[in-house]
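Labels run A, B, C, D, E and F following the written order; every chain starts at residue 1.
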Amino acid sequence: MTYFEEYELGSTRQSHGRTVTEADIVLHAGQTGDFYPHHMDAEFAKTLPGGQRMAHGTLILSMSVGMLAGEVNDQAMSYGYDRVRFIRPVHIGDTITSRSEIVALRDHAKRPESLGLAEEKVEVLNQRGEVVIAFVHLYLVNRRPRSLS
Amino acid sequence: MTYFEEYELGSTRQSHGRTVTEADIVLHAGQTGDFYPHHMDAEFAKTLPGGQRMAHGTLILSMSVGMLAGEVNDQAMSYGYDRVRFIRPVHIGDTITSRSEIVALRDHAKRPESLGLAEEKVEVLNQRGEVVIAFVHLYLVNRRPRSLS
Amino acid sequence: MTYFEEYELGSTRQSHGRTVTEADIVLHAGQTGDFYPHHMDAEFAKTLPGGQRMAHGTLILSMSVGMLAGEVNDQAMSYGYDRVRFIRPVHIGDTITSRSEIVALRDHAKRPESLGLAEEKVEVLNQRGEVVIAFVHLYLVNRRPRSLS
Amino acid sequence: MTYFEEYELGSTRQSHGRTVTEADIVLHAGQTGDFYPHHMDAEFAKTLPGGQRMAHGTLILSMSVGMLAGEVNDQAMSYGYDRVRFIRPVHIGDTITSRSEIVALRDHAKRPESLGLAEEKVEVLNQRGEVVIAFVHLYLVNRRPRSLS
Amino acid sequence: MTYFEEYELGSTRQSHGRTVTEADIVLHAGQTGDFYPHHMDAEFAKTLPGGQRMAHGTLILSMSVGMLAGEVNDQAMSYGYDRVRFIRPVHIGDTITSRSEIVALRDHAKRPESLGLAEEKVEVLNQRGEVVIAFVHLYLVNRRPRSLS
Amino acid sequence: MTYFEEYELGSTRQSHGRTVTEADIVLHAGQTGDFYPHHMDAEFAKTLPGGQRMAHGTLILSMSVGMLAGEVNDQAMSYGYDRVRFIRPVHIGDTITSRSEIVALRDHAKRPESLGLAEEKVEVLNQRGEVVIAFVHLYLVNRRPRSLS
């Protein structure tokens, strides 16, 4: 249970790696209903830059968020993402890792006495060290309750 | 095949509805590795506001993008999202629809002669008409090639 | 290993029962890409006769074929179905069983000395004993090789 | 919303392509309970013609129906298939497309004033242009309501 | 329906084969929440003995139990496993079979007149004939009811 | 990275809770091929003690192992389970948690200088605090390398 006061600007996290498989793409198409040939048709994909089927952007985003979901912090709540950018395609067999850094800590506009805002910059890298997706994960975090005295 | 010149500010799209099921949440936990008790533990969830397990934010985001993936447009490429906000929780049995509107059409900064930028505001609504997630979907769209003359 | 000579007109088979779950429908939508609101949108489905989401026809057909796939018979090969008819909708929670009967045994037109054709009439029943799907499953079956003498 | 009067004999449809993956076969075995070694055992499959695991017939049938499920037509209802034939095996990595043609338009026997029958011949082709499955998809389609006058 | 009296010491069973696929591992990670890099990260796995991702022990155990689940015997109930041992890793593409032998038949300590205990030794072999997992499956089996006389 | 010397007899771990869903059972049947009516047929299950479909033993075992898979310890390797016992059925909607305790720490018989054996007793409890499965998880753990001096 980590309160806002314990968040530190510049602190970082790093996930384990995970290989993006054909099965992941098939399952994500099945979960979302997005069967675009860019993701699902190996023959068509030969005509694309890279020449291969590409993972859905939402798959890599979802996986990277999950890869950084470590210990539950009951004091924090995810409330959105900013500047999600799909920078490079992810192909079947690529292995991705997520790394993150706390880049901003601010008061909550309306409830500054009880809530803080944390911005965690996340970058997802492939096995060649190239950034494939980047985004900022936004959290609402409770401040430590003041002791009565 | 729709070129940037054919995009219209204010044009809208509307998806079919889809009921968010317990199976969707189980599958999304399995895809992402996020088994937080907020999503997976019905007993714990009784202690949450709403009293029920909540769908993962990335599940609803992914589903809503897929629900609006209609005809393939070979001239457009998704390159990111801005201002993704999780506004209300989505519970098992809620039925969501996505609606969108083109809210900005701009020149691409570096390649204005061949590319435009389209911003599509997306709102996901539950069966009570409440917005549960909102975001802006960003597209790079090819301009119509000039005929030689 | 059962040869064509051992197939008997009128012989029957009966499967165990299986409850059709919401998860089965979600998985079948994911496997086929058919997210029609008749299958996936509980709110829309209230406007349908029956008032509920309906299982995909191909789901019930696929399940019923699988339910009768017992011991492998290396001498038989499935080559198609005739007169597949969707007679009643199957809803979430219905429990289906498959029963079948050999209704025709014929020579193969081109290779009557080595192959026979078996027609197995299949009926899928729900927990009220109503037929929901019926079809004829067609098999090519090897005749018993003649002993040399 | 297309009424029976708008169906045209000889009109055709064509799906996007989709690569049949090992994951699809694993998921279909899991959905149907058919774990026959022809589909699941790569060692055994070396002894088969083709030398590889084969997709389930019901998988390819289900996928091809889904691939042609485009816009929802509220006036049409699928009621069955005729002459489903498994013509060639489909192996892991094959890419299939579905094409169809309206081959018959008839009055409904009992309710000719309100319903028509449409027969759509479907052929599923692999990446070499070979037909792997063929069948006729049957639809009941509402006739356009007569205006009162 | 086989009663305890019909179980024979030394009787054996043999399953069909099944190839362990990348999809199986992805699905098992998703079912259990175990995304350890030994199973999921092909880059990391290059540093392991064998140099490849390994199947989860619980995956191979679960698959092998399922592979031997043949005809339902209403008189027997699985109540546990003894001495489960993970002997060799199973890699993607390995094909496993299960074989078993009844190695002990004993009276139930508290209800010897109505129940027997059967111990079935199970070995799972890969395509090279190497044992990868071994365990003893324990069953409670009803004795044949005595006829009244 | 925890060496054998750091394992403590009597130390305990406790997982988060997880609700066992109908989707989990459907997916486990699909992963294992075990479609016994005890797990899959709600009508048949009305005749069982408890009157409901029961989760597969291997599902609960697999889930409980996964629920305790926390931080990766590169010094430990799972090599089996002892005395796995299915004590009470788990039904759809039950919420399980896993708790464990180190109950034995021993030298490895053949390589006592470099390896230790840890036995972790695991109990899986339902939402009523009843033990549903118990087993002992066995680990091989590296001893801390001696510093050269």
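Please note the rule applied: contacts are C-beta pairs under 8 Å (C-beta built on N, C-alpha and C of every residue); 3 or more make two chains touch, one makes a residue touch a chain.
Chain by chain, the UniProt names read as follows: A, B, C, D, E, F = Dehydratase.
From a predicted model like this one, the values you see are computed outputs, not experimental measurements.
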item: Common touching chains of chain D and chain B; value: A, C, E, F
item: Type of chain A:chain D copy interface by residue overlap (half), same or different; value: different
item: Intercentroid distance (Cα basis), chain F paired with chain A, Å; value: 30
item: Inter-centroid spacing, chain E versus chain B (mean Cα positions, whole Å); value: 44
item: Chain C-chain F separation of Cα centroids, rounded to whole Å; value: 38
item: Where chain E touches two or more other chains at once, by residue number; value: 16, 21-24, 26-27, 30-31, 33, 35-37, 67, 72
item: Touching pairs among all chains present in the structure; value: A-B, A-C, A-D, A-E, B-C, B-E, B-F, C-D, C-F, D-E, D-F, E-F
item: In the complex with chain F, residue positions of chain B that touch it; value: 21-23, 26-27, 30, 35-37, 40-44, 53
item: Residues of chain D touching chain C in the complex; value: 24, 27-28, 30-34, 36-37, 56-59, 61-63, 65-67, 69, 72, 78-86, 135
item: Chain F to chain D touching residues, read off their complex; value: 27, 29-31, 33, 35
item: Chain D partner contacts - residues on chain E that touch it in the complex; value: 16-19, 21-24, 26-27, 67, 93, 95, 127
